[in-house]
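Chains: A, B, C, D, E, F, G, H, I and J, in written order; residue numbering restarts at 1 for each.
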Amino acid sequence: MDPILSKSAAADLVVAARLRRGLSWSDLAGEIGAPVVWTTAALLGQHPMTAEQAERVCRMLGLDETVAESLRRQPTRGTDPALLSDPTIYRFAEALAVYGPALKELIHEEFGDGIMSAINFRVGFARRPDPDGDRVVVTFDGKFLDYRW
Amino acid sequence: MDPILSKSAAADLVVAARLRRGLSWSDLAGEIGAPVVWTTAALLGQHPMTAEQAERVCRMLGLDETVAESLRRQPTRGTDPALLSDPTIYRFAEALAVYGPALKELIHEEFGDGIMSAINFRVGFARRPDPDGDRVVVTFDGKFLDYRW
Amino acid sequence: MDPILSKSAAADLVVAARLRRGLSWSDLAGEIGAPVVWTTAALLGQHPMTAEQAERVCRMLGLDETVAESLRRQPTRGTDPALLSDPTIYRFAEALAVYGPALKELIHEEFGDGIMSAINFRVGFARRPDPDGDRVVVTFDGKFLDYRW
Amino acid sequence: MDPILSKSAAADLVVAARLRRGLSWSDLAGEIGAPVVWTTAALLGQHPMTAEQAERVCRMLGLDETVAESLRRQPTRGTDPALLSDPTIYRFAEALAVYGPALKELIHEEFGDGIMSAINFRVGFARRPDPDGDRVVVTFDGKFLDYRW
Amino acid sequence: MDPILSKSAAADLVVAARLRRGLSWSDLAGEIGAPVVWTTAALLGQHPMTAEQAERVCRMLGLDETVAESLRRQPTRGTDPALLSDPTIYRFAEALAVYGPALKELIHEEFGDGIMSAINFRVGFARRPDPDGDRVVVTFDGKFLDYRW
Amino acid sequence: MDPILSKSAAADLVVAARLRRGLSWSDLAGEIGAPVVWTTAALLGQHPMTAEQAERVCRMLGLDETVAESLRRQPTRGTDPALLSDPTIYRFAEALAVYGPALKELIHEEFGDGIMSAINFRVGFARRPDPDGDRVVVTFDGKFLDYRW
Amino acid sequence: MDPILSKSAAADLVVAARLRRGLSWSDLAGEIGAPVVWTTAALLGQHPMTAEQAERVCRMLGLDETVAESLRRQPTRGTDPALLSDPTIYRFAEALAVYGPALKELIHEEFGDGIMSAINFRVGFARRPDPDGDRVVVTFDGKFLDYRW
Amino acid sequence: MDPILSKSAAADLVVAARLRRGLSWSDLAGEIGAPVVWTTAALLGQHPMTAEQAERVCRMLGLDETVAESLRRQPTRGTDPALLSDPTIYRFAEALAVYGPALKELIHEEFGDGIMSAINFRVGFARRPDPDGDRVVVTFDGKFLDYRW
Amino acid sequence: MDPILSKSAAADLVVAARLRRGLSWSDLAGEIGAPVVWTTAALLGQHPMTAEQAERVCRMLGLDETVAESLRRQPTRGTDPALLSDPTIYRFAEALAVYGPALKELIHEEFGDGIMSAINFRVGFARRPDPDGDRVVVTFDGKFLDYRW
Amino acid sequence: MDPILSKSAAADLVVAARLRRGLSWSDLAGEIGAPVVWTTAALLGQHPMTAEQAERVCRMLGLDETVAESLRRQPTRGTDPALLSDPTIYRFAEALAVYGPALKELIHEEFGDGIMSAINFRVGFARRPDPDGDRVVVTFDGKFLDYRW
């Protein structure tokens, strides 16, 4: 009996198949009727898929049941810190280092003592045309949770 | 001749005066006509203020010229990593660990090889009413920069 | 204008006054009608107190308004990692290293994909008599939050 | 002669077999008549099993003697720190960072100078129904050990 | 279906083929009509190549389509910190530790609050003859980006 | 007898005096007839000044002999790693992570086995006008040293 | 009201007084009738003293009540990792790196699954004459605790 | 020609053979007439064995010449820091954190400026019966070496 | 086409062949007429060999062309920090921690502002007979390089 | 009663007095008849001085009894790792990273299993004239200690 294909090995196969078949992340998200950021994160190993989602995606990508089994599995979430220094990802970390304490102040001022949930949470991604150069717009949208004993 | 008051010492004085006078970050932002996330970050030491901005804020808070001089000074930006484990800030770091690689994939798919600028950049903060509990909505909005030799 | 007394400086004064006056943490919790773990954590700088709580505690301990002001202030939460190697605290970290992955498995099996909230959360502390030696019983009790997009 | 299958390789096989056969951790615990947290931790590699426990579990899961041999072996305990940042596990670490020093104070106040044992120790896991959302209840229950020269 | 050859595995094959065929980095850069620093970095895995660039380089080196596919792929950029202590690379890091704060001061004095872009950026490499020993001349040339909200 | 004023305390006084008197780094470099990058680095504590240089700079800035004594002293060189994450400095570190291995390859190809000296070394700083936005041009120029037993 | 003198500040005063009065650690241990390793560790801040022990030691050393109060206080135990690289302490750490896994094997072989307690524990220190050079003999003597659910 | 089997691979084979044949570490030590702590450490890869020792041990365990060759090889000593957090080993590290500075003081008081050698050194392991629970007794016995220029 | 054998894999083969053939490092150094420290370092992967050196060494050791190709290749220099805690290597690191700042002072006093080159540099190794025990004598001999702009 | 002046504070006073009085490290070593590397290290806080050495040095430097008391005290040895990246000190660390494993091989080949003592140890420092540029020659000379149980 074999262990389940690891989430990162499954992600490598998904990425390769996606490129070879010329499919976009949006195509994959459309296939399963889920938001594109959620779908991309799930295929990279950060969310478990339902059996149906995994099956449809694997059929579209020409991947077999071992990949689908891995996609269904509950993940251990997180990213290797080494990858966070990739320049495209690092700019988000830099923004957090510059604006994190300000966001904390504003959350407390507006909502009181508590946090923005990262679990009851969604992330939006959009391109906004701009004559000075189009813009990446990423929205973090989480339920406020107050410290409650 | 004395050294300039450090940015963090100035921030401590701003925070104390703000609480004692009962002023909100929005009040301070309104006084200088600047966005509230920018103003909060600047007063916490992450952006230099103009002479007029610094003077108006210090007058409103009852702080003297040594604070204003510090607020005008060019900062060394960043946050002590120890503070990033405060739960209110940490949720943003966790979101980045879960969604960072997905955002990288989507930026490249939509825009090509490049990054979201963290310099030509603004951060929005809003409260969105929701019957299941109001939500914190934070928007990162940066110009796309393509790798260009 | 002076900055606010830091949370850790206030905690040092609380601890000293408590010992000199011979008051227990339970006495202090009783005075403000709050749970003892919450009260202890708050006085050590991990939760903000209401104005009335801070005033009553400071009166009981013979501490002045600068301490009360600090106790009311919104904290940056967390503990210096060096303190986590104190043997009394370390045993909890060791238990987490041994049982953390098992707890993750059981949460997912019982509740699905999500977490135990550390915000909508309470901690119980009790002594349980046992003929083989009394036992420390600590209960973590947090609302389940499911990953919800 | 081959080395013994590593504890983590055995755990991967257990997890895969468990999912494929549709068995819960409770089913496995029931089979060997042991508490579910202990059983889960042991199967993930944190406790040695007796020969009989290992044999029964492997029979139920359809795994062979090489897995049983690994399950019987004395473990080196602990968890890769990278896994501790998985959100479901991290909330326990966050609770420790917020409440650890308070628990230390209360242990010393109630019991004197000493620790809660993490060896003579058990962990309870339960779901508590709550109209505002069911709760995860985890109990750490360890014998008090006083510093004794 | 196989995963795509990793960027580092492709780089190892490029380096081996280059040495065995006696080709210089300049030869490879010339073949694709691109700057030599850019070409070297791309072949070491730091930039994606176009399909034509990848094909020409692989033909010149006698490498097959799996390498070309890898060279075309979007990279995760960065270098293992262990490699940064190689003496030839470390001298650049040392120069940054000695001159970094001075460069920051001069950028702010000359341009105002902002940064040198590392994206709209090129690196030059030259040998400058000198009677006291020839010199390595490396030029960092990036567009100034001002902090702009 | 007092210890010598630390290099960082002297740098703080230099920076404050420079801003209050409205002098540029170039003004200070001009006063002592030294290159501007060298002068800025020396005043920030990375190079010892001659007695005459220290005296002239302190006279221009209105600083006393204790500062001059500190500026003459042999430094321990380097920068607190925390400062290297300031965005303006970080872009140089990022460039090194992206291009460091390529520069190593090119140095070896052109010069053989050895390094660019960071001691027999100078750094140039210039602004280059460009219709698409002016550019920061930084030149690292060091003598090649071959590994020689 | 002042905070309690920190344990490390009290230890500095004890060490200074001990040297100036020419008292040995054994003299101090003799005064309070306690083992010398325990006494030394307690005076360096690792164990709380009883009121009588603290008073007798402080009288012998000519130190006042503020030191005695600190010596009575419950410590946070542990040593700054930087001090562990002092060569005299480091040799113990090196011995642990070389023999730690062997001791683990032997504890399990002899006692079963469990640990040597570091709480119900004593440390002996002796000089053993030897014609080839006298020897330092340090004994760790702790109660065996078996893993017991 | 193959590289020599690594010390850790050899140790894995020794551990497996020992368990399968039901031999104790003492049996192995007896076979070669060496102390049991030394023998265990050597078989785990921390000391080189003589050709005769390696041969006798491998014969007893049914292991071949490739293991014997590895056991004879000069080791690079030390333990992966991750293993030092295993609870059974960690208690020794904790004891060192609590008593290390006290042992340093006592070594200097008794012997002068110097160290306990970890090279001219032996470790004893014993079980001491005790009505309150048997005890683990570990003795570190090293030659004193004085700092001698 | 295969990648080049890594430097560390080649070193493992060299070490194994050396032991099996009973050749000393001096024998190998003698064969190529190079200093023994240089030769040993080169064979462990820290210096590139000439084609002739690599060929002669491989012939003497019975290793094939793939090893020789690896030995000729330009290395990335440095040692895994984990290996630096081997006791035999660590003593050099400890000596540097104890004497490093003193050597810096003496270099500056004798030569002015600059460094000992680690590139134009050689290391000597010798055994010096001594009636109290023979001594290891290691000499670092590097050209002084003055900071020169 | 005051604590003893710390070793690093004493070193700062020694360094300042030495510069102001124009004395070299050799002058100070000559005054006490001790080797110059030893004397410099001792005055920087790495070795205890005898009462007479401390008194003579302090008289020569015009420093008072509090400095002499500190110089006599037993040190905790070692250097802040941040200082080890100063370029003048770093070159020694780099040499160790490049040649450390080779020195280990040669020590074992020449002497057997053991180490060069860093305690029965001396360091020599010399300038060797050379027409191509004078050289820094540093000699590490330590007694060989064989692993001896």
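A few remarks follow.
The rule we apply is simple: a residue touches a chain if its C-beta (ideal position, glycine included) is under 8 Å from a C-beta of that chain, and two chains touch if they have at least 3 such contacts.
The structure displayed is predicted, hence computed values, not measured ones.
Common partners of chain C and chain I, by the touch rule above, are G, H. Interface of chain B with chain E: the two copies contact each other largely through the same residue positions, with over half of all numbers used appearing on both sides.
Chain centre most remote from that of chain B: H (centre = mean of CA atoms). Note: the chain lying farthest from chain A is J, by mean C-alpha position.
Superposing the C-alpha atoms of chain G onto those of chain H requires a rotation of 180 degrees, given to the nearest 5. Measuring from the averaged C-alpha position of chain F to that of chain G gives a distance of 47 Å. Between the CA-based centres of chain A and chain E the separation comes to 29 Å, rounded to the whole angstrom. Measuring from the averaged C-alpha position of chain C to that of chain D gives a distance of 25 Å.
With centres defined as mean CA coordinates, chain G is found 33 Å away from chain D.
Contact of a single residue of chain A with at least two other chains is seen at positions 76-78, 83, 85-88, 94, 97-98, 104, 108, 114-115, 117-121, 145.
Interface note: chains touch in the pairs A-B, A-C, A-D, A-E, A-F, B-C, B-D, B-E, B-F, C-D, C-G, C-H, D-G, D-H, E-F, E-I, E-J, F-I, F-J, G-H, G-I, G-J, H-I, H-J, I-J. Chain I makes touch with chain J in their complex at residues 24-26, 36-37, 40-41, 44, 46, 77-79, 83-84, 86-89, 91-111, 114-118, 120-121, 123, 125, 127-128, 130, 132-145.
The residues of chain E lying in touch with chain A in their complex are 1-4, 69, 73, 76-78, 80, 118-119. For chain I in complex with chain G, the touching residues are 85, 87, 90, 94, 97-98. Here chain D touches chain A in the complex through residues 9, 12-13, 15-17, 19-20, 62-63, 82-83, 85-88, going by the rule given at the top. Within the complex, the chain H residues that touch chain J are 35, 38, 47-48, 74, 76, 104, 108, 113-115, 117, 119-122, 145-149.
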